[in-house]
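Presented below is the structure to which this report refers.
Going in written order, the chains are labelled A, B and C, and every chain counts its residues from 1.
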Amino acid sequence: MVGVMIEYRIHGRGGQGSVAAAYLLAATAFHAGQMCQAFPAFGAERRGAPVTAFVRTDEAPIRLRAQVRTPHFLIVQDGTLLQDPSIVAGLRPGGGMVVNTTRPGDEVAAEFGCRALTIPATELAEEVIGRPIPNTALLAAFLSVTGLFEIASLSVALRDRFSGTTLERNLALVEKVAATIRPDAWKEPADA
Amino acid sequence: MAEHDPRGERLDELRRKFGREPLPPGADQKELTPREAQPRFRGLESGHRACQGCGEALAARLVTECAGPDVMIANATGCLEVFTTAWPQSSWRVPWMHSLFENAGAIASGMEAAMKAKGKNTKVLAFGGDGGTYDIGFQALSGMLERYHNVLYVCYDNEAYMNTGIQRSSSTPHAATTTTSPAGKERMGKRHLKKDLLAIVAAHHIPYAAAASVAYPADLQRKVRYAMGIEGPTFLVIHSPCPLGWRHDSALTIEVARRGVECGLFPLVEIERGAVTNVMPIRKVRPVTDYLELQGRFSHLMTPDDARAEEERAHLQALADHNIQTFGLRGDTPDAGDTQASSSVGRGGHPAGRV
Amino acid sequence: MLEAIEGSQAIARAVAMCRPDVVAAYPITPQTHIVEALSRLVAEGEMHTEFVSVESEFSAASVVLGAAATGARAYTATASQGVLLMAEVLFNISGMRVPLVMTVANRAVSAPLSIWNDHSDSMAVRDCGWIQLHCADNQEAVDTTIQAFRISQETELPVMVCMDGFVLTHTLEPIEMPDQTDIDGWLPPLEFDRRLDPSDPKSLGTLVSPDFFAEVRHSHHAAMIRALDVIETVDDDWHAMTGRRGGGLVEVAGDPEAKIGILAMGSTFGTLETGMEHAGAQAGRARLIKLRAFRPFPAAALRAACAGLEHLIVIDRAISPGLGGVVGTEVAAVLAGAPDAPRIHNHALGLGGRDIPETIYADLMTAVADPDGPAFSVFDADLTKLDPEDR
């Protein structure tokens, strides 16, 4: 997809680090040599409320300031958000979603009629980081399955943002997830 | 930009610049007015537009005189600002700034922060009337005290909005008449109590909060000097009669102020870190009527054979008695020659007569 | 160095590079990230400033005024209700001609309560006597913030740097961050002659009788007009050092030969550019005019930028109820009387944070073609949400 602006939408709940995930994804693209833009759907939400954040990456500087309406990719930080079918609203044909859930990927793919990848990111985060913050694991999975940017660029972005034990554990989590997800490991919708 | 100067050198420089020059040999001493002949620093120059007998003008002169030249002043809107500055004239011999009615505390905070940033020792003073301090500027004052700015805030308390024409403030005493608390068939003047601002200020647990009166200039200046020596927020409320608003003879300003203290209605107390550490005792306690009878704003209380007036007089007497009892104002020495100097008693913390 | 950084963090770093003596601020969404970042820089010892956490915006403005009056470099930031609470002090600051810089993270004004972006706050204080510069992206916001300190010093006028709340403040994007050493060389120390100084006592903020008030106001106005040159010169100087422009007074993009122009302030501009890039072939290409200096109002530069236009769409991000758009009305006023003045189509857009999609470009261009179109509209209002009598 070189030369095309790619748009991403991140769904999560307040407190799960959805805005941080957006900033990390944009910073990853930046460290991979791309231009980027990340911003939250600015709300007054408290912990636990659904929140949305947007990311754009492109070769060229990004001037557009509108919210992302037709994303290429979705990152869903909380499986319970799949209760709302409109979560895939505007998802482009051929797009895909990476979801933090223990449900099988083909089931989610079938339900929403799009490519999907599921990982138990909360469990993985609790195991490796010691906190139920799924964003790093999901980003690692997303980068592995799409191959958009090097995992190393995510590591650089993490180093800019964290330090000490938090950084070490996040890097370990990225490594662990990246080792398990094959490129293009999407589950296709059954009818595709 | 000026660099940091050790305090001593800076003061010397300022004294040289603004101090009175020594008279050349043979100069005619009689050409000087007594005021001009005074060797001390004058922060507020004469020639301003205050009314005759203005307590606030006197108090501001006393404060700036002993605060010295190395100060800057943030002045709230009010009489003091208006009568001292009409452009292009100004009575101030120290850097002075008026911004708004309700922000003297915050303006002073900013000046102090800047002095700190530049490593200067210049002391910041904030001046406000009771309207600008008890009422509209109360929040900015509280913020200034809480943030522990090194500012001496002086409230010139004349117990009403005099600049706008004598309207009631939260400092107006109970039963006093103003243009917005007139006496009539249904009302006996202000229906509410005077706010105990000193207690509220003291509740910020600042190093020093005190009350003073223009009737006791030496005591007033001692308190200013003491506050000037403290690094941190300090507060002084000065009882400053307003002949126009209190409706008394302009020549009686000092007498009215003195009776206010002597009857117990305006106790001169000093509070350090929240605890009362000193009070000015009253040698001979007067009845409040001695204070009320001089002022037109209380004239409706002096009507003979009026039950309502009698009740309000009793009410005010009770307030004075309460102050006397609470602060232990009754002086024990029957023969104190001078109320302010000789019978000032320390109650722990600091000895009497400190500077 | 190009960094991927959130707008607010970048602004805080830009402010820190200007080495203010005093910073005072009070939290309000969406400005809060800026002062939080500044307090972190202070806490980490990376910035040496007196940081005063005040008890209200009213005191924030008052503290920086008090500090600036002593000749200190001072900074504050706010938004929305905070701007309005400061309003009295803002007039006071400019009336005393004290140099100061303030960031406004533009946000709507209550009621109804909205924490989202539009220009109601800075528009409400358009007459407060401050220079008002509007930034289209975070790079411009960083560059303008640093320029603002110099403009303010050179003009003895306070400068309000307006950036769209959330849309810019909360957006992470690549920003070229200047070098501290460059800024130290470019921004001279503040020398404020009228400062409060015990060695040379002055009275500031005195009562002024009718004999002098008109002259004071005239000189303030004259200084604002002179500031037009300063804003341009400072931007030129900045360009000489960094190779970037902050936006001058007015910038023109798009098709210079176009007969239709679209004028906007702030971040809407980028969306219009993208919209034209994608829909220009069908909808037609326009001349895009970015108004950076709202106060002083650059009449001559606007006339030049609008020369040859038949239609000018002016976008307002606020509304003056009972009038319409303020920017639209003012642009119409400065173009009035010109022999070939364009017809003005004034639209309010994105009020209270309504998302402005890139399709807005084509929609605006279509609306121009309607000869019976209204002189003013709230362009993206969905009137079906209202009772018929309220439409």
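To be clear about the criterion, contacts are C-beta pairs under 8 Å (C-beta built on N, C-alpha and C of every residue); 3 or more make two chains touch, one makes a residue touch a chain.
Just so it is clear, the structure is predicted and the values come from calculations on it, not from any experiment.
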Revision key, fill the gap. Chain centres computed over CA atoms; the one at greatest distance from chain B is chain A
Check your understanding: Which pair, B-C or A-C, has more C-beta contacts?
Key -> B-C
Exercise for review: Could you give the separation in Å between the centres of chain A and chain B, each centre being the mean of its C-alpha atoms?
Suggested key: 65
Check your understanding: How big is the gap, in whole Å, between where the Cα atoms of chain B centre and where those of chain C centre?
Key -> 44
Study note, to complete from the structure: Between the Cα centroids of chain A and chain C the separation in whole angstrom comes to 34
Review point. If you look only at chain B, which of its residues touch chain C in the complex?
Key: 1-2, 10, 13-14, 17, 69-72, 74, 81-82, 85-88, 90, 92-100, 102-103, 105-118, 122, 139-140, 142-143, 146-147
Check your understanding: Given the complex with chain A, which residues does chain C contribute to the contact?
Key -> 4, 6, 29-30, 115-117, 137, 164, 166-167, 170-174, 267-268, 270-271, 273-274, 353, 355-358
Revision key, fill the gap. Residue set of chain A touching chain C in the complex reads 19, 22-23, 26-27, 30-31, 35-40, 42, 44, 61-67, 69, 157
Review point. Hey, which residues of chain C end up touching chain B in the complex?
Key: 21-22, 24, 49-50, 52-56, 58-59, 62-72, 74, 88-89, 92, 96, 189-191, 196-199, 201-209, 212
